[in-house]
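Okay, so subunit A shows up in both of these, paired with subunit B first and subunit C after.
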Partner chain A sequence: MQPLLSIKDLRISFRSRTSQFAVLEDFDLDLQKGETVCLVGESGSGKTMTGLALMGLVPSPGFISNGAISFEGREMIAAGRNRAAEIRGKNIAMIFQEPMTALNPVFTIGEQIAEMLRYHEGLGRKAAIERAVELLRAVGIPEPEQRVHEYPHQISGGMRQRAMIAVALACSPQILIADEPTTALDVTVQAQILDLLEEVQERLGTTILLITHDMGVVADVADRVVVMYCGRKIEEGPAAEVLADPRHPYTSALLACIPRPDPEATTRMKLLDIPGIVPAASARPAGCAYAARCAFAFDKCRAERPPLFEVAEGRSAACWLASKEHSQ
Partner chain B sequence: MSKEAEKNLLEVKDLRVSFPSRHGAGAKRMVHAVNDVSFSLRRGRSLGIVGESGSGKTTTALAVMRLVEPSGGSILFDGVDLTQAKGESLRRMRPRFQMIFQDPFSSLEPRKRAGAIVREPMDLLGIGTEAERRQRVDELFARVGLRDDQKLNFPHQFSGGQRQRIGIARAIATRPDLVVCDEPVSALDVAIQAQILNLLVEVQEEFRLSYLFISHDLGVVHYVCDEIAVMYLGKIVEHNDRQSLFRQPLHPYTWALLSAVPGRGAAGRQNRIRLKGDPPSPFDLPKGCSFAQRCPFAQDECRNVRPELRAVSGGRRVACHRVNDEGIGPHHEFGEAVSRVEA
Partner chain C sequence: MVPVSALARNLLTSIVTVLAVIVFNFTLIHLAPGDPVTVMVGEMGGGDPELITRLQQQYGLDRPFAEQLFTYVLSVLTGDLGFSFYYNMPVLDLILQRLPATLLLVVSALCLAIVIGTALGVVAAQRPRGILSHLITVISIAGFSAPVFWVGIVLIIGLASALPIFPTSGMRDVTNIGAGIWGDTVDVAYHLVLPAFTLATVYLAQYSRLARSSMLEVLSADYVRTARAKGLPERLVVYKHALRNAVLPVVTIAGLQFGQVVAGAVLVETVFAWPGLGRLAYESILRRDSPTMLGILLFSAVIVIVANIVTDMVYRMIDPRIGARA
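Then we have the complex of A and B:
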């Protein structure tokens, strides 16, 4: 089956006067219609950059230095700005972590939704506002007829995130990229927003690419998960399988270092912690980028970078321990 | 247990904090950030305060530190009322209670070197001789896992986790009894968060610190705290030891909070109380229970009479009309039907 969206060998580089380095490298990803894929990783793993690349929003001095992104078989990077912009606004939309800074403070909620509809669907002003009211109602905003004329600062954080989802859904996109959509929200409101995304997906068959650092969110919503580290994909597979049986030591460590409320726990077990920090993209070591922090690293890890090995059907891990020759 | 260990190090009684505020174009009104909050903390123990934004948990912490002025109540620290202490008498108490802040980027003076930042509380409070302070800084750097040569670096040269290590070293420099931690790991990545949590637990045991630990993350609180108080809109709605709170939350809000934590999988998400709406504004506190308008179990009594924090069986404390003296509430009776309760 042809994937809805296909990323091949994507590389995003940053250039300074003296050097050039990649913040994302060798990145492949296929998104199928109607699925939820989570990108997880720590700060600097390249997960947000991937989302921005899909939207054509890679911030300067960054640029896409290699690779291809195709939507329904149509190439986007080579197509030129106008053609790509047309595909994006209408078919791919993005919501951001902090709705206060992502929404424009000087326009009303309604005007920001209407802008999308007028540009992409050619609706008139009045029709667009009417449709905006419908969209606000659909994302669970009470009294949408009043809210549509209010400014972002007049509503709560949870409502703002709902409004941003309404902006993103204005043109019924086939792909919704959500970059840490609940990180800035309280936990009970976070649950509401995750429910809303799920409901939207059921209703419209939207494909969701969810960028998060929270393994709990992955467990709740993801069909597939892609774990990233220092600008590369290091593990991919069906979410339930990866969480239950991670094949990359980084994935296992990431799962083990999260404190979880366990009602049966009587004593405190020391949390596993990963020593050190993620290396900077500009100073990536020669071998595996995780080797310095990995409890299982051996000489080969430090010398040579492991490619992604297929470890099971639909599952891969970039670790020498996952290679066939090692498991034999 | 020795007698000293049983004595309360900190006793907060009926604490109130109100701020005057101009909301929109209206007249000046009072925000009641903290309302009649009482709790106590024994030496060497840790009390977690959890709640969502606007619950008053940070304001409570700041009031205990005397960084905001309480408008009522008392804060007894080792028998001395901090709300009455002023000037020199407050300054003499200061070494004994210190604070670790949430944001390691804004809580360190950017123009000072790390060594000077850690030494500053000792300088300001006149602790030890010059040589003793220098030696203490060396010990602290080693203790929190920083290299000796890093004393000369500026904050911007450190990662977030390292900066939080500096914050911890600064807080324990004066050998305090109480450390107030305000969301000390919420700005950090999970792998670094685990490093800092382990460090916090280690230094607590080593120096017999008491922690007043503010967090919105139930997993973190579960890891660090012996007891947990849940705040909602300026009031404590439940106060229990860790195990009983996580095993059988008494207040419907605690139940909802626990069930909203992601990571329970699809089955877990079905079986939970889904709260609608946002917490009401602290400007106009409702007449009855402040949680009533979001509570799926609220009755007329809840909307009219404010429930007080009271003890139920097993010494557990809860402020809810619907929970009986055996500690059973409607959310327990309905058990399996929790997912169907939402409207």
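Then we have the complex of A and C:
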């Protein structure tokens, strides 16, 4: 089956006066219709950059230096070319981490939804506002007739994220990119927003690319998970399998960091972390970028970067431990 | 949209401010050396001490300071700003005669500065490191640094003398009397070009710098990224989503600057012989005409206060976050 969206060999580089370095490299990803894929990784792993690249919104001085992105078989973005504007907002929509700042403070919620419909679908002002009320109702905002005339500062954070989702859904996009949509919200509200995204997906068949650093969220909603580290994909597979049996030490470490309450414990639980820091994008080591923090690293890891090995049907991991020679 | 309570609160503080301004100005002028009677007697060709004492008595200048102040405040409150020694007419009439010319000049200059300055700033912010941006910065700083009277003189030499496109001075052409309302308007507008532009050059720089930095900040805001992610054309992203937020500081400064522009008008009115309050202020200071001086200071204060109230109201209309739930 032809994927809805296909990323091939994507590289995003940043150029400064003296140097150029990549923040995302050798990145492949296929999104099928109606699935939820989670992009997981620490800050600086390239998750958000991937999302922005899909929208054609890589911030300057960053640019796509290699690779291609195609949507429904049509090439949208390749190095030096960018046709993302044609599908942006209409076919692919994005919601962001901070609902506090992602909405424009000087326009009403209704106006911010309605302008999508007026611009992309040529609706009149009145019809667009009526649709906006419907959209607000659909994302679970109470009294939508009233809220539509209110400004972002007049509603709560959770409501703002719902309004943001209504903006994103205005033109019924096939793909919704959600960049850490729950990070800035209260825990109770987080679950509501995730439920809302799942409900939207069931109703509209939307493909969701969820960017997160929270393995709990992955366990909750993901069909497939892509783990990223230092601008590269290091593990990919069906969420249930990856969570149950991670093949990359980094994925294992991420899973170990989730606090689990132990009723038997007599002492206070120790929170685990991954020792060391993520190397800067401008100073990445020659071998595996994770080697310096990895408990299993050996000489080859430091000398040579492991490619993605297919470890099972639809599963891959970029680790020498996952290679065939090693398992033999 | 504008809450009545905010307006009422503004008016109340304004009244207190105006009272304070009256007392302060009166005290200041009283403390300053020089006495209108000395000037009058000097212009009459000298006089004996007896005449001076009689004149001082006549004008009440021999009374204690507190009594003079009290009399002045009381008469101002009843709408009487006193009588000009020099112009021989009530100060209120004198000021009302000159006020429209100054307001016309100041408001035109400020509008020119805001519109052109903001436009330049917005253009510069699109490509902050581009050649156009640098050019705008240089022009802005040059305009800001040049003394306003010098700019006026250069413009007169260039565009009124060497190339006689605009008139050198005044507000109306004497040969144009009886041209009707339309003809008169055109004539005044024609005379207004150079003085308004001169006064605008100083303030233009501040608006273009302010608009540039404010626009740069806003363009990197999350909601601008959202606007782009919505697939809106760049035109809507910049001129709707970004500009509306970027003009907020411009509006604030415009209100604060109104007073400075009125002050700047003194120089421009002198250079262009513009029959406004600024020139009247200049002349009344030379003549030690204290009632006129006090009247002008009072009017300037009122103008600035009104400008600030208007700014506040405009701000409330542009930014829904302010006072919306007050």
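Note that in this section the second predicted complex is superposed on the first by the 310 of 328 C-alpha atoms of A that agree within 3 Å, B and C clash if a C-alpha of one lies under 4 Å from a C-alpha of the other, contacts with A are read in each partner's own complex, and residues count from 1 in each chain.
As a convention for this text, contacts are C-beta pairs under 8 Å (C-beta built on N, C-alpha and C of every residue); 3 or more make two chains touch, one makes a residue touch a chain.
Everything numeric here is computed off the predicted structure, so don't read it as measured data.
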item: Contacts of A:L194 with subunit B and subunit C, given as first, second, both or neither; value: first
item: Between subunit B and subunit C, more extensive residue contact with subunit A; value: B
item: First (subunit B), second (subunit C), both or neither touched by A:E98; value: second
item: Touched partner set for A:T206, first subunit B, second subunit C, both or neither; value: neither
item: Subunit B versus subunit C as contact partner of A:I274, first or second or both or neither; value: first
item: Which of subunit B and subunit C A:Q161 touches, first, second, both or neither; value: neither
item: Subunit B versus subunit C as contact partner of A:M215, first or second or both or neither; value: first
item: First (subunit B), second (subunit C), both or neither touched by A:G89; value: second
item: First, second, both or neither for A:Y119, with subunit B first and subunit C second; value: second
item: Common ground on subunit A, meaning residues reached by subunit C in one complex and by subunit B in the other; value: none
item: Contact footprint of subunit A on subunit C as seen in their complex; value: 221-223, 225-233, 236, 241, 244-245, 318-321, 324-325
item: Residues of subunit B that touch subunit A when the two form their complex; value: 52-53, 159, 161, 189-195, 197-198, 201, 216-223, 243, 246-247, 256-258, 260-266, 268-269, 272, 274-276, 278
item: Residues of subunit A defined as touching subunit C within the complex; value: 55, 57, 85, 87-90, 93-94, 96, 98, 101-108, 115-116, 119-120, 151, 153-154, 164, 167
item: Subunit B-facing residues of subunit A, complex; value: 42-43, 156-159, 186-192, 194-195, 213-217, 219-220, 253-254, 257-266, 268, 270-275, 277-278
